[in-house]
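Following this message is one structure expressed as structure tokens.
Think of it as A, B, C, D and E in the order they're written, each chain with its own count starting at 1.
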Amino acid sequence: MFPFIFEWVWDMSHIVFMGGLWYALSIIGLGMTYCLIKAIADTAGIGIGGHHHDDHH
Amino acid sequence: MDSALIPEGVKRCSVGKFLIFLGVVGAVLLWGVFAMLLCWIKGLNQTNMNDYYGFALWIWADLAVIALGGGAFFTGFLRYIIGKDELKNIINYAVLIGFICYSSALLILAIDIGQPLRGWFIFWHANVHSMLTEVAFCLSCYFGVLTIEYLPLILENRQLEKVPFFHHLSHNMHEIMAVFAATGAFLSFFHQGSLGGVSGVLFGRPFGYREGIFIWPWTFFLFTWSAAACGPCFTILITKITEKVTRKKLVKDNVIELLAKISGWMLATYTIAKILDTWYWASVTAPSKGFWVLDFYSNNPFYGPWILVLEIIICGVLPALILITESGRKSKPALLLAVILAAIGVSVNRWVMVLQVMAVPVMPFDSWYMYFPSWQEIATTILPVAYGVILIGLSHRYLPIFPQEKELNPVD
Amino acid sequence: MSKPVDHKKEVLGDGSGGFAILFFLLGLVASLIVGWVVYPKLLYSQKNQPVDFNHALHIDLVDEGCESCHFFREDGTYSGVPKLAQCIGCHEEVQGETKDEAIFVEQYVKQGREVPWLIYAKQPDCVFFSHVAHVKAGGMDCVTCHGHIGESASLKVYEENRITGYSRDIWGKNISGLKTNTWDRMKMDDCSECHEEKGVNATSVQTGKGACFVCHK
Amino acid sequence: MKVSRRTFLSIGSFIVGGAAGTALSPLPWKLTDDLSIWTQNWPWTPMPERGEVSYVNSVCTLCPGGCGISVRKVNDRAVKIEGMKGHPVNDGGICILGLSGLQLLYGPTRIKTPLKRVGEKGQGKFKKISWDEALKEVAEKLGTLRSEGKSHTVACVSGSACGTVPQLLKRLLTVYGSPNFMSVPTMQDAYAVTLKLMHGVDACPGFDVENADFILSFGSGIIEGWGSTVRMFKANSAWQDKKIKVVQIESRMSNTAAKAAKWIPARPGSEGVLALGIAYMMLRDGLYKKEVCDSAAGFEDFRKTVSENYAPENIAAATGIEKETIESLAKEFAGAASPLAICGRGQGHTPGSQYEFMAVHALNALAGNINKAGGVFTVPDPKYIAWAEPELDETAQKGMSSPRIDGAGSETYPHAKSLLNRLPPAILSAQGECPVQALLISEANPCYTLSDTQTVKKAFAKIPFVVSFSSYMDETAQYADIILPNHAYLERLEDAPAYAAGLSKPVIGLSKPVVTPQFDTKHTGDAVIALAKALGDKVAAAFPWESYAACLEETLGDKWKSLNEKCFAVVEESIEAPLQFFKQECKPVFAEGDEKQYPFVLMPYDSIRLANGFIGNTPFLTKTVPDTVLRKNDIFVEINPKSAGGDSLSLREGSAVMLTTPKGSAKVRVHLSEEIMPGVIAIPRGLGHTAYDKYLAGKGINCNELIGPAEDSGSGFDAVWGIRAKLSSVSI
Amino acid sequence: MNKQHNKAKKFGMVIDLDKCTGCGACMVACMAENNVPFKADETNKLDSITWLRVYKLTNGKSFPNADFCYLPRPCMHCEGSHGHSPCVSVCPATATDYSHETGIVSQIYTRCFGCRYCMAACPYHARYFNWWDPVWPEGMEKYLNPNVSVRMRGIVEKCSFCYHRYQLAMEKAYYEGRREIEEQEYQTACTQACPAGAIVFGDLDNPEHAVHELKKNPNAFRLLERLGTNPKVYYISSREWVRQAGDNYLRQEGKSEKN
């Protein structure tokens, strides 16, 4: 799953498959990171990334 | 006693009653855990699997729960990507059911493999040409997505919500939920498909093998399609059961009917595709390998042609017809029948694509062998059911799963 | 739903945030120490060789370098650590005055017992390592994999992984798994690094690199 | 409330920090890796030690076939048995049993020390004793019997009569004063009697299968283990290459029948009749070698008997074979350049009826292929054992002059050298004291291999003192009072005359120790010498050798050196064999039992995957046994679906059924097979052991428990080939 | 850097079913050579590890026209198309591989984590799962062959064409300064043991090896060729019905080919 692993080959299958995988993982990871950092900031009272409302329900 | 934890404005049964419920289901759970430990400590000789049935009850259960859990990704897809806003009233439950299904699937896989401690090899030493690799990656990632989708629900518990950090986190996650849902839908499309590909690529097994396009056999698409069609049906079914058990209405009819209608059309188109696939397979694919289609269904006491009729006609055509007609959807018994049949249909399909693939002898001098699971296999398969029931019980009691509950069941 | 706005000031006001950061750092440092220092100590057991051996002394006495004792058999297999029979020629009687020599002769040579040497470079059972392919066909020297053990005057402590039973030399001395010399580690990646570079039997359908059965059995 | 929240947050932060730090340390990652490596090297999964490879050549003695083997060793462990290239018997090939021999050497059935019985006879309860104690006890017992003038009540059963160890045992008995040395009879003995009667020679049969061009087999399991297994397999392959026709006459389609060009299912037991039917055709049509036969003694009588009784019409009912088939068979047989007719059922581990052997041999005689390329040879004894005649003292002379317990060599049984089958009835029918007071058993397992084993066991239980030399805890060893375990075959030095290889020249093999003895065992040769020395006087004097090894070296003399190098020696010796037709005085052997009461005929069949002699099946062999023969512990009998549908039964594949014969009954399962004649039930030989280990004991039933002996009127051997039987329903 | 390739070979077998006696020596030779374990009860053939299994084929006719034939089935080492045998491409952890150097499908026991997908993929049932821990009675582990790894519970194993013998033969060749081996230097245990000489093993592409000619025998066939597995084990039988039993045919096909 990483390029330094023996089974990794730089071919189309790996680029497409692992590309898709890392793409999805990145979105998930970045999304969660964003949520966490923003939550910390919100808790500390430093508003980043736009003002928020508590009316989401 | 635990009233501080229960969402405001809803009524729940007494703690005592709830504990009895937990105790009963927990006993079943423990039985499953015991069987699971047996399988881990003593090995897979505890099962009735063998060299002919390398895949058996567990893999079927895996495929089935993933198909049934497909309600989460498809409802999410409809809610966040297509914009069917009414579905927000059932999406929480769809997510919870999906979470249960996928965590169960992962647990069963962890029991099913002969060397659980080496399970991570599938990621680390991945062979990207294997359908199972794709399944493992997408399944795990999508389970992550489901966790992310389920997490804000937990954080909305009355007590947890009081912690500002949790409150903000939950809020922020809601904000970008569409991104997660889209990623989930993308992953689901692939792993549902890959599960179909698992048997579809087996060119040594003419019963399972299908042609296709590019690297994907037709079963790849059929599996995604059927999961999208039957997953929501299962969500409806569980919702209806929950309503029955809690003796109150939890989701408005228009929400259910919308989901049922979409499922109905998905099921109808899927069934047509499945019929076409079966016809092509029976008349072209199988004969090219020397098999007449009934060879696959005869000379054995179990896998008869009835299984084909059950899967396609009774559990495909019939529920599709009910769900696409308005009167069918509006009639409660018909709707219930349709979602039950759809859930059975997709499970039968997964059964056939796992067990019958194993059972059909390929070498002309080989024989049919039958298989009956051992109690350990059954217990470990029931384990996730018990776990699911407990998780639903807890979630329902302490989390605001059904946004319409308060409105539909005003507390005096 | 209650609005948490009321709680915000309260929480911030009582210094919980500072506590949280302090405890976070405490946890971080403690676990880093456990992971990097305590764990390796617990993981490896230390064993001394039954008899110390002076490679440097012997290499001066023999004509054919390492192969004088670590030779190939006629079927091409590698003899590995010498058997007692090879030593007896000279060590029938005690040579020199070291304590180890006395132990060796008294406890092993005289009693006809093989010395239970602990083998630093022992590969696991799943590995088929052909010395002859590397040394004769590949023209490699011993140092590339084994380092300068041939010049050592005494044997180092043998460390054994308590979980796997492997010699520590397989993973390498560095717990992080990083290496500076070719002989620092003996994991599959270290073999494949060289095999890939040289394209050794790069005939695998799966990877286009060396097929599994080149080195496994 | 505030404090608890603070505590909560602090603990939470600590945990999160700890998790982050752990993730940044090698701990979780290396632990995960190491745990998976742990599963790759589980301490309870054995890991064989590496080392230097060497090969030791020897001769396999698991059967009398005499194959050369080459055993691969790693350090001092034997790891694999392979066939020896260039050996005259097997040239590199090896059979399934020989391949798995290391499971016997290192197996749990080995007897590890001398044992003394503590439980009831046959119960298998023993205690360990030392060699000194064991030998002393045996010597004292023998000494007492001898001093009481009962030396003739000591008997010995040996697996074979050939070779130095059996001869040492025989010598011991002789100087001790007992004529009762017995060996386990095989088809070789029936053939030996045949050659004696028809050529007047003492010889073993040799079959030049490599050069024959038409093979007519009367139920011989050519590829079931008949003769020397590997040699026959090779011959069979050569026949396939050269398109040489094999005709197999047998009521069940054995592997041999399936490979044969033609399978003729004759009624069971009618093989001899059919052979004479073919002889009839040859005589009638003048298809026999006149120049050889016409001048032979007794030929006219033979022609007369055959012409009168064996016309195809007369034998059609008995054999179930049409006239045309017999006619064409006779033409093909007589028309071939080197036709060869062979007999000896299955593996030939049991002697057959003299009538049948003589009839089949008569065909070879008529075809004129005795001692000719592609024919039957009279192979003389290699006679390398030439010890000085022992001096007998008075007791010995007296003992040797008393009659044999089994009656062999007496007026009634003049041709047989020993009749082991007559021993159990002799013991059981005796009034008063048991006629056998002590019995020595070497390389034989009569409590399993003899017909009607229940009776055999009863007889053995009556013998006051039984000494077994067995290396393995077999059924007979369980009846022993003292066990003096022999080295296992790969641990001992021993000559192995390949008398059963059926080569046209005698071959002597030398079995060499491959590994040092694994347990506290002793070579039987050494044990015998030690016993003789303990008995003292003239008995001891007859055994002047220091050890068995010395005895063997002296015995082999000038052959010793080359045998040691090559493991085999071909003896260039032949024997003149004038032909004479012996008047047919023998009668066919019929299956015991009433036809009405027992509508079926039960026949045991041999399978190469089931060792059925004194060597029990190895775990590997049992593993290869198909599930149509054994499933769990249930044995399957073969039956034609036509006979399975009988009114009350209607058997299906795998049905459980009670199989009853006049000798007993047993619960079996049926395997429906089109490869067997209706009316015949076939049962595998080699299962149903009660001794040995969990890999063999308790699996199926021993066919010998259902089948009683049928004494041949000519030779006195047990010539049983089957028994009448019935099936009745049973509830499982 | 010099590319260290050995000449590409395609090892395969030709098994003469006319000679095969069904004695099972090949099975036991294989078990003995390859440290195959055994249990007290091996009668359930569905969990009995036999890398090479001898099947009994019957012609389905009734007495006395019945006939049967034995067919030893090792791993077919399918080439599929360009090395994509049914099992190789499905293994998720790259535990099984196909080498163009030898044409052998390898199985690495320490890599396999026991998902059994390869078993589902193999139509020959040539792959076996270790349902049980391998246990030898005390003392019997002495005969284990150090050239072949003993497999642990929970993983899949199969015939390797005695690949370790190739490894050892190559070691000898290297020692003697050669890079190639002779036909006789590398033979599988079953080939070596077969008392009937029914199994011939060698490089199918090498005209100097016996298998090269034998596979062209008009009576030669392979199992399930129609699936596209492209196996490297050939069978020879002079009996029409045996050759027919090697693959699946639709009824009308069967008729046309028989007439």
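Before moving on, here are some points about what is shown:
Basically, a residue touches a chain if its C-beta (ideal position, glycine included) is under 8 Å from a C-beta of that chain, and two chains touch if they have at least 3 such contacts.
Computed from a prediction, not measured in an experiment: that's the story for all the values here.
Chain centres defined as mean CA positions place E nearest to the mean of all protein CA atoms. Two chain pairs, D-E and C-E, are compared here, and D-E has more C-beta pairs in contact (counted per touch definition above). Distance from the centre of chain D peaks at A, each centre being the average of the chain's Cα atoms.
As a whole-number value, the distance joining the C-alpha centres of chain A and chain C reads 38 Å. With centres set at the average Cα position, the gap from chain A to chain B is 26 Å. Centroids built from CA atoms put chain E at 48 Å from chain A. Centroid to centroid, with C-alpha atoms defining each point, chain A and chain D lie 75 Å apart. For chain A, the set of residues that touch two or more other chains comprises 6-7, 43, 54, 57.
Taken residue by residue, chain D touches two or more other chains at 35, 38-40, 47, 50, whereas all remaining positions touch fewer.
Counting partner chains per residue, chain C has residues 1, 4, 8, 11, 75, 77, 124-126, 206-207 touching two or more of them.
Remark: chain B residues 43-45, 49-55, 112-116, 118-119, 121-122, 125-127, 129-133, 136, 198-199, 201-206, 287-292, 295, 357-358, 362-366, 369 touch chain E in the complex. The touching residues of chain E, when paired with chain D in their complex, are 16, 18-19, 21-25, 27-29, 31-33, 35, 38, 40-45, 48, 50, 54, 56, 58, 61-64, 66-70, 109-110, 133-134, 136-146, 150-154, 189, 192-198. On the chain A side of its complex with chain C, the touching residues are 4, 6-7, 9, 11, 43-45, 54, 57. Remark: chain D residues 39-40, 42, 44-51, 74, 77-83, 90, 92-96, 99-100, 102-103, 105-108, 223, 229-230, 233-234, 236-237, 240, 253, 255, 258-259, 263, 265, 518, 608-609, 619-627, 630-633, 640-642, 673-678, 693-695 touch chain E in the complex. The touching residues of chain E, when paired with chain C in their complex, are 1-6, 8, 82-84, 88, 94-102, 104, 106, 108-111, 147-150, 160, 163-164, 167-168, 170-177, 179.
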